[in-house]
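Pasting the structures in now, so scroll down.
Shared between the two complexes below is subunit A, which has subunit B as its partner in the first and subunit C in the second.
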Partner chain A sequence: MKMINLMRGSVMKIHGLSSASRRLAAEGGVRGLSSSSGPRVCIVGGGPAGFYTAQQLLKARQNTAVDIYERLPVPFGLVRFGVAPDHPEVKNVINTFTQTGQHERCSFHGNVNVGKDVTIDELRQAYHAVVLSYGAEGNRSMGIPGEGLPGVFSAKDFVGWYNGLPSNKELHPDLSFETAVILGQGNVALDVARILLAPVEMLKETDITQNALEALAGSKVRRVLIVGRRGPLQIACTIKELREMVNLPNTRADMLPADFEGIAEALKDLPRPRKRLTELMMKAVKEGGDDKAEKCWGFRFFRSPVEVLAGADGKRATGIRLALNKLEGSGESARAEVTGQLEDVDCGLIISSIGYKSIPIDPAVPFDPRRAIVPNEMGRVQDTAGLYCSGWVKRGPTGVIATTMNDSFDTARVLIQDMEAGKLDLSVNKPGAQAITALLQTRGVRAVLFSQWEKINAAEEKRGKSLGKAREKLLDVDEMLKIAWS
Partner chain B sequence: MAASAAVRSAVSLTQRFVRVSPDCSICPLYRLNACTGAIDGFTAPNRRLRTSIGVCQSADSSSPEEDERVVNVVFIDRSGQRIPVEARVGDNALHLAHKHGIELEGACEASLACSTCHVYVSSKHYEKLPEPEER
Partner chain C sequence: MSACALRVFVQRAAVTRKAAHQTFSQTTAFPRRGTGSYTHGRGINTLTNSLRAEEKVTVHFLNRDGKRITGKALTGESLLDVVVNNDLDIDGFGACEGTLACSTCHLIFEEAVYKKLGAVSDEEMDMLDLAYGLSDTSRLGCQVCLRKDLDGMILRVPDVISDARVDSEKESSTAPPKV
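Take a look at the complex of A and B:
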């Protein structure tokens, strides 16, 4: 393995070779020569699902080569762009992923848009197996009038904005209104509420983007309502995030006791995790918090959005109309039924946090538009030998890192079983990255390697240091590429 | 991931329940038909679990102030193999496993931030634990 690095190094130094062919040798050819006899697997998507699947595949057999393709120049997906800036310990998983990225039998290819720069069929020809781990980049829409008005954002975009996702850098949310309403009560909704209300001191040393930090420092938002269709016993967030809301400095909880009727009596029959979560909520209702607190937040239950209201000029959102529900059934499967009553809430910022959604990547891949996933049996894509999936594109966009980890391990296990059972023809030699890199070059596409991502990483940490922050993320893809290939 | 259920540690259990919705399908005890119904322990209220934040941040049992009492711990991996190890009171169960080459994922590296490593305690032993603190 040292030999390969030496070879790569000396290839780079040979003068007279054109830069293009020098690159080819370094980026695809040399590694291809070293491990020509083993299975080659391609993973589409460089987030947690992709890296965890890669990790397991590399561990299971000593001769498998795994290549990860990612559309952005930078890896790690939602760990980088989804996890809140004030949850840095959750991002420790990047250390595990980095070990995978640096593994001698793994190569990362950023800046490659699968579906546009290269097709799934081309990947299937170059590899023994292809795993789709490209997650959920779309979002579920509320489907109500006024949803497109200025002032209404999807949580996905809002989170992408404060986390430096390049496509959200021009979001410019207007934070000059007192009340913000968030639709949805999962962890993402609570993250958004917390970031809106957290004191700037809590955020200023994190990796939140500088422009978001400055916007939040000047924010006039003082009240955040987190609205859900059903009741307190159906809330989707987990206790850690609720605890963080309750403990936010200079804020108080503003709940409606009416929403909690009958809850205390139901506590004793609840399974422990749900019981603890509900008890903490009840405590917040009872204690309320510091009356002198400048900011407040609260849950509003049994309410569904039916219309975004615009001001007199019709130019932007100034409120939201909610329909009041009643609950049929109980427990996790309780349903919200309309009562016909309506309620209007004045607000200038509306964030819809009702779920992410996967989109089809390539016409050659089966896709279930109703469930917005790739139809599969335990990770084996339906009717398509050699094609697998892991993560949110396989199960739907819910779950924390632990869920995706277990899911990716399951897909890797199934793939390895298929290799060992002869369901994948490993006797055929596949060219892997060597062929794909050459193909991409003819299309004017150049990949970012893991070692080149590490240059971007170093640049971000350096920029952060001068601002007293963990890192200052680059927001512009062209800037990232310039540093990667410098 | 729930191999820690087999860890017989003494007084101070060092991992706090983060978000526990027992998923039996991933538990090695279940797969080995060795599950004693640890779920029962969940219905017991008012138990104290010392969080491991302080312990994690100090070196594992190498500082002189640490309790020197030895605890015999047996890890049972997913193939059923028993791996006995020696630990000290106050040791972090995840770090202990890793020190002995036992495969347990810990995405947040034992920061109590992610729930990839978690513990199921059998009801019999759950009774002996102090009350969990809401922190």
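Take a look at the complex of A and C:
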């Protein structure tokens, strides 16, 4: 929280300047107020990992300059594009990120595609250290026949669609079928289920995109099955999200009592968090909910997808074939084993929510394809001095924002340690953003600065206001750029 | 429900509603906080501070580095308010700004003090369940309001590890990812 004091002081200084000189100080990487001979660090990725890493670096040393590069014109990554629209309080972290973005020693450069517009090697030449915080933009595939059929989506894309990720704006999911099947039982799966079944009243004032809201208002989806390979004691979602499903208006829980055999007996030995979660599930099994409810949802355990089934014309998904499993072992390390039995479920919407996945950004950066992360020791990229990583690209795509926060703080501390131990040669002056901005210019690439994102932000809020919503996100990158640079 | 608890409840609900209409363009140098006097400016507090000296409470925190740090507050303020208003250097404390959407304000109480605190709501328990190093005397600081009889209490700031959702059982490498 000392950070707040620091930034308060710096922001006051900036307010003292005229707006013209303030703009000059912000643009082109010229730093009007801080020393030009301090360490310069570059962060690749403008999501929570990037901002939290920047925050810690700025706090730890009074002369470090931090530049954040982000592919989209808009910052905040999954906080903007992943967190569900009906979870606005989770997005409060944007306030602290905004402070960081406005900090005099930090500059944000949106609309820069690292790996394409500029290479990692070029960044390493311009900065004393580079931190990779670019997250996981791909998704794990189920690897089953029919996965490519219309009607099958990754949760990443479905969530991106209702959250306004530009690359998902043409998703047009067909919501005219009664049953949807979600593979995976983590919090993302529950978010998708909840958004599919929530009354439109609950969503219409949020920042969900208008086209998603309209599609959901006309949705015929009435039943959502959330399928997992293992049993109730291995479920990956957490209790807050489960409680939201149980409390969803006009829906009832539709579970299979057979899936819960032996669970009641196991309760007493469970640690409190797992126990409470399981008890809530058992309650949902027992009580079910209002029989008059129009919609229903349920978990289906011990089932793995083996094939997406197409209708007679073979043109789209009309069902999914599931293999029934049995559990070997218990607890977290229990494994699903095939039994040979199969089960077909009719459905028109299939959403695979089995994990995001990082991809390599640049051939110069080591990448572990098996774990889909950048190999590292405590955030120091293997065999590559001056290169670090934080967030999902470092540890894999799991965990909440606070997880990433702690992880990013860890990486920042390691980087600072290396600075102080002389492992990074700070005696050499590095040009930082000035050099990169000039280089990008020769390639016809222009960055969106934080103050320019704030114009996009204001425009989205204004559009939202006229629709009675928190904001109406711009879906088109060109529109974003037009407003940013106007 | 005590007046303080009611205040926390009402402010929590208000922040949740307000957050739905969040206007980021209004972000100032001072981050918005869900609870406490921080949002209402320092002027009024200074005045009431001198008028109500007997309602001042001192709280000690045993930080992760082993050092003890102290904060002063008024009765009715939450422990999150104490940390924020005193600018206490606790890394990452209060990420969701007191809206029960994280567990970063997790604090561990002495048993005798813990017993004096009110009941824990399901909502708080749900988030507390995700905290690393959960103990029998753990609470979320944003939900605990100060009273005179809590004056001088010592709270431990638990360690954090990067994965807040690690089960107490060892995770195997074949376990599915938890998100």
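The criterion applied here is as follows: the second predicted complex is superposed on the first by the 456 of 486 C-alpha atoms of A that agree within 3 Å, B and C clash if a C-alpha of one lies under 4 Å from a C-alpha of the other, contacts with A are read in each partner's own complex, and residues count from 1 in each chain.
Going forward, a residue touches a chain if its C-beta (ideal position, glycine included) is under 8 Å from a C-beta of that chain, and two chains touch if they have at least 3 such contacts.
All of these numbers come straight from a predicted model, not from anything done at the bench.
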Superposed partners subunit B and subunit C on subunit A - clash or fit: clash
Which of subunit B and subunit C A:239 touches, first, second, both or neither: both
Subunit B versus subunit C as contact partner of A:406, first or second or both or neither: both
Which of subunit B and subunit C A:90 touches, first, second, both or neither: both
Touching partner for A:463 - first (subunit B), second (subunit C), both, neither: neither
Subunit C versus subunit B, contacts on subunit A by residue: C
Which of subunit B and subunit C A:103 touches, first, second, both or neither: neither
Subunit B and subunit C footprints on subunit A, overlapping residues: 87, 89-90, 92-93, 95-96, 238-240, 243, 271-273, 400-402, 405-406
Residues of subunit C defined as touching subunit A within the complex: 15-16, 19-25, 27, 29-32, 34, 83-84, 87-97, 99-104, 122-123, 125-127, 129-130, 134, 160-165, 167-172, 174-179
Residue ranges of subunit A touching subunit C (in the complex, touch as defined): 1-2, 4-5, 7-8, 11-12, 52, 56, 87-96, 98-99, 184, 186-188, 205-206, 229-230, 234, 236, 238-240, 243, 271-274, 276-277, 331-333, 335, 354-356, 395-403, 405-407, 409-410, 454, 457-458, 461, 470
Residues of subunit A defined as touching subunit B within the complex: 87, 89-90, 92-93, 95-96, 238-240, 243, 271-273, 280, 400-402, 405-406
Complex contacts: residues of subunit B adjacent to subunit A: 1, 17-21, 23, 26, 42-43, 105, 107-109, 111-116, 134
